[in-house]
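The structure that follows is given in the form of structure tokens.
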Amino acid sequence: MTQFAEGITQEIADSHLPRDEYEKAVEILGRAPNLVELGIFSVMWSEHCSYKSSRVHLKKFPTTGEKVIQGPGENAGVVDIGDGQACIFKMESHNHPSYIEPYQGAATGVGGILRDVFTMGARPIALMNALRFGAPDHPKTRQLVSGVVAGIGGYGNCVGVPTVGGETNFHAGYNGNILVNAMAVGLADADKIFYARGAEPGQPIVYVGSKTGRDGIHGATMASAEFDDESDEKRPTVQVGDPFVEKKLIEACLELMATDAIAAVQDMGAAGLTSSSVEMAGKGQVGLLMDLDKVPQREDNMSAYEMMLSESQERMLFILKPGKEQIAFDIFNKWELDVATIGETTETGRMVLTHNGETVCDIPLDPLAEDAPMYERPWARAIPEPAVLADELSQPKDYEEAILTLMVSPDLSSKRWIWRQYDRHVMADTSASSEDPADAAIVRVHGSNKGIAITTDCTPRYCENHPIEGGKQAVAEAWRNLTAVGADPIAITDCMNFGNPEKDHIMGQFAECVEGMSEACEVLNFPVVSGNVSLYNETNGFAIPPTPAVGGVGLIPDLSKRMGFGCVAAGDILMVVGDTEGHLGASIYLREMEKREDGCPPPVDLAVEKRNGDFVRGEIRKGSIKACHDLSDGGLAAAASEMAMASGTGLNLVHEGDLPLHGWLFGEDQARYLLAVDEANAKAIRKAAKDAGVPLHVIGIAGGDALTINGMIDVSIADLKAVNESFMPTLMGEAE
Amino acid sequence: MKSAVIVFPGSNCDRDAAMAIEKVTGAAPAMVWHQETELPEGTDFVMLPGGFSYGDYLRCGAMAGVSHIIPAVKAHAEAGKPVLGVCNGFQILIETGLLPGALMRNASLHFVCEKAPLRVENANTQFTSGYSTNREIVIPIAHHDGNYFADDETLNALEGDGRVLFRYASNPNGSARDIAGIANERGNVMGMMPHPERAIDADHGGTDGLALFESLLGSA
Amino acid sequence: MKARIHVYLKPGVLDPQGAAVAGALKNLGFNEVESARQGKLIELDLTGDDADAAKARVEDMCQKLLANPVIENFSIEMA
Amino acid sequence: MKARIHVYLKPGVLDPQGAAVAGALKNLGFNEVESARQGKLIELDLTGDDADAAKARVEDMCQKLLANPVIENFSIEMA
């Protein structure tokens, strides 16, 4: 017979915990939980904080390597970039909040991921954003795009961290659940990283940042609940971001971190005060005693429950070394930020909270963490679809029209309308951003000649049709993009966006994507150092396409050797690295021209991927390549169009052999790069390829002002630009 | 040449400004916190950097415009010594009344970040002598409220006195008469929305901004 | 006809602008300021002369565009 | 005590937001909208109880910070 504490009904209990988890909580406490305790169990055991559905699978990720300083488990991953410096990065989702309130949802997503990075002692140097919206003609799409983009810009621009790149897809599969994934990258000295671990008993717990209000209470549990049409009503108070406070918080925290005052630190993210304090206590194996009356409060008579679950933004929790409080107080007062000692660490191993002089919570910490539910949910393998090769498809009647149709399509069209609203240059270290012809963004390591290359990648339509190949491809494309700018790929972060894990086929998509990603990380020596899971992206039973977004980071040792695809001159020889079989399954061509979305995506041969990539990177370092562009969405036709538009120089391609022309032009075969090589170097690079056993095909010569194929097909650069730039303004109702 | 960069809460181009000044003069500027009431002894040049002082709340530059250091900046200007405000710094100079007009929300209502072609309108000033009149340069812009507004009288006066120093070659924000940068009557206070400090390095925004700092500070 | 619309944040919703304004006023020595909230004031010139009908339409404008129902409330005066 | 401050753009001052609002409303089919102006609404909580003295202070706040005399007018209501 279930027991309840005073004032708790079955209904209240159910609204916080599944019944088996409730019983577990009773067991842990040896009594029925009160409302505060119930709230704490419910957020700590929510999908968002406990990873209860995904943990068993995430374990498969390779997370170590000679460059990995800190893998998953802290606020962000940390990798070694030489010279005693470290690069810190993480990607996180803010999908549900952004659907409900696009501007604030996206803005607070940026704020949250920035905190994960500077919490570790890093100065943020770059932001990226991976966005997925519904169909362009869906009634909500325009307003969602407009709000999300304004929110990302509004926050990132104000804090003064450049937003240097990202990706944007449109597909009906996201009509009811858009995806807003933000990535932050920072720099720190490798010996000056700060962790959530490190607390010892008898140390002061210091709260800094904004005051606590009733914002987003239960956001953490909401982020783990499926939508239905009433969600608009059920929403908690939306969190509003304050980038001005965040900017002051960054400067103040970095100032404090330059001193020797900190034992442990956590940002207050989802489930704010609860998860930040519990995480630090758990990692330091200490107890907590906090007096909630001391918490800076924005609103009158807030309850203990509200304070512990509030998701007010721009707050941090420090555990300081004894006697160092004044140092912190002076710094935060200078920056006009709230700061208060709200408790201390203890030896009890329990989380004890007092409010108005009464004890309102007393939970043993170890079980709260260790007995957190972990599910091995049943999952089903996807049924592989057959490959779609060119010879099964009739050729397009008009190739010129086909090329223009691809270049105006939502996924391939220019996203200038979006990135024009992001400050890409603040901090004056941006070497390449959205506007520049390069496969990855590049940010100079301040005061050095090194560059950090950053990319986000995922091809959901591949994951939908073949989760394993799709998972591999997401990682492989990130690796390829970093390689194409001349970087040594180092490691990835990820953001696993899926539907309802309680359904076998959805859990199967998750498991198989992880399987594919893990294999790619292994072979490419490209470990996972941080990430985030967002499940229940599903409305009225319709799940999003599986979207394991990958954020890749690499190092360019010498910026003068970085590569792009804008420097092409008449007479340059055009070459393709890698073989083309003409895989059109799940391709953009199939979708845009045949209105079909079926078929097995192009297979990813990781050994070939590595061999071809290492060759390309080597030749870039030798200086034998003038322009390099990886082949992905839209195949050779898209890459060649983009190279022509970027360089203003025509490309004249010649197709030989019996592969049908549309397979050669639009096939999305992996592990390929389009190169422009100075004639003087052509011979040498071909010999080098031969020696390395890398297929290298001469496919044409640069010149003129159009993309031409076999002298017959002829699309002017002007026409390409006109259509390519037209999609976003038209979508947003701002076309001239 | 002793320089000072004023740092307000929410400034975010203060480091960039310091880098540019140091690159040209060889000497790092003093970074002066807004709570100070005096500039460092012997300061020759004051720069108000870009950013979002006070989050751009209320009106861009309004709250910074009443902070403690401002009287000292005004005194510096009244003494005829050079003051440069870039982006948010320009907005602050306008709020303090050191420069005329107002900077309204961009006509598109969008924040706009791009490499903007500008025309140098008057190269006979201490801020622009490193350029030649009518030269086209490219300087990055990044702002939400750069739409310059003033009544016709003021605009005519600005143009008549050659106090419009830069114009946009293609107007990105709706500014009256394509105005991108102006000077005060005495010619020692200048404000501009574009970011010359983001154009001092061939690989990072180009070098078209260098001449501005060189005009003012003389190359190191 | 004129309509004057006040759009303000719902109670409990964080108001970063208001907070910053209050802080700045205190720095200027206006210590009597306990808190500040900032909202929007929108004035419309409208054709027609049926005030009630017009007001209903303005309600509609607020729902559809002028206010963000997720975080804002509004009030309307006709003049 | 409460003070409610309206800040409007002076006649003739460019108002991009107002113009955009009017345009958007027309696009939504509200053709009765001739023009729109956007201003600010600022509400202050004040200590003290002498309304006249308080109002004089609020005037001062507006001059010094809340309104920009070059482009804006303001009005104050005490409540």
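When the chains are written out, they are named A, B, C and D in that same order, and each has its own residue count from 1.
The rule is short, and it goes like this: a residue touches a chain if its C-beta (ideal position, glycine included) is under 8 Å from a C-beta of that chain, and two chains touch if they have at least 3 such contacts.
A quick map from chain label to UniProt name: A = Phosphoribosylformylglycinamidine synthase subunit PurL; B = Phosphoribosylformylglycinamidine synthase subunit PurQ; C, D = Phosphoribosylformylglycinamidine synthase subunit PurS.
Here the structure is a predicted model, which means the values were calculated and not measured.
Asks: Determine the shortest chain-contact distance, in steps, between chain A and chain C.
Replies: The fewest steps needed to get from chain A to chain C is 1.
Asks: Tell me which has more C-beta contacts between its two chains, A-B or B-D.
Replies: Output for the comparison: A-B.
Asks: Can you name the chain that lies farthest from chain A, using the mean of each chain's Cα atoms as its centre?
Replies: Measuring from the centre of chain A, the most distant chain centre belongs to D.
Asks: Centre to centre, by mean C-alpha position, how many angstrom separate chain A and chain D?
Replies: Spacing between the chain centres: roughly 41 Å.
Asks: Round to the nearest whole Å and give the separation of the Cα centres of chain A and chain B.
Replies: Chain A and chain B have C-alpha centres separated by 36 Å.
Asks: With chain centres taken as the means of their Cα atoms, state the distance from chain C to chain D in Å.
Replies: Centres of chain C and chain D (C-alpha means) sit 10 Å apart.
Asks: Could you work out how far the Cα centre of chain B sits from that of chain D, in whole Å?
Replies: Roughly 29 Å separates the two chain centres.
Asks: Residues of chain C that touch two or more other chains: which are they?
Replies: Residues 16, 20-21, 24, 28, 38.
Asks: Can you list every residue of chain A that touches 2 or more other chains, as numbers and ranges?
Replies: Within chain A, the residues that touch at least two other chains are 242, 244-245, 336.
Asks: Of all residues in chain B, which are in touch with two or more distinct other chains?
Replies: In chain B, residues 54-55, 57-58, 63, 66 touch at least two other chains, as defined above.
Asks: So which chains actually touch one another? I want all the pairs, not just one.
Replies: Listed by label, chains in contact pair as A-B, A-C, B-C, B-D, C-D.
Asks: Which positions of chain C touch chain A when the two form their complex?
Replies: The contact residues of chain C facing chain A are 10, 12-16, 19-20, 23, 68, 70-71.
Asks: Can you list the residues on chain C that touch chain D in the complex?
Replies: 6-8, 18, 21-22, 24-25, 28, 30, 32-48, 54, 57, 60-61, 64-66
Asks: Spell out the residues on chain A that touch chain B in their complex, using ranges where they run on.
Replies: Residues in contact with chain B: 150, 153-154, 157-160, 242-245, 247-248, 335-336, 419-431, 435, 444, 559, 734.
Asks: Could you please specify the touching residues of chain A with respect to chain C in the complex?
Replies: 100-101, 104, 210, 213-215, 235, 237-242, 244-245, 298-299, 312-313, 336
Asks: Residue numbers of chain B touching chain D in their complex, please.
Replies: Residues of chain B touching chain D: 58-59, 62-63, 66, 95, 97, 101-102, 104-107, 109, 147, 149, 151, 174, 176.
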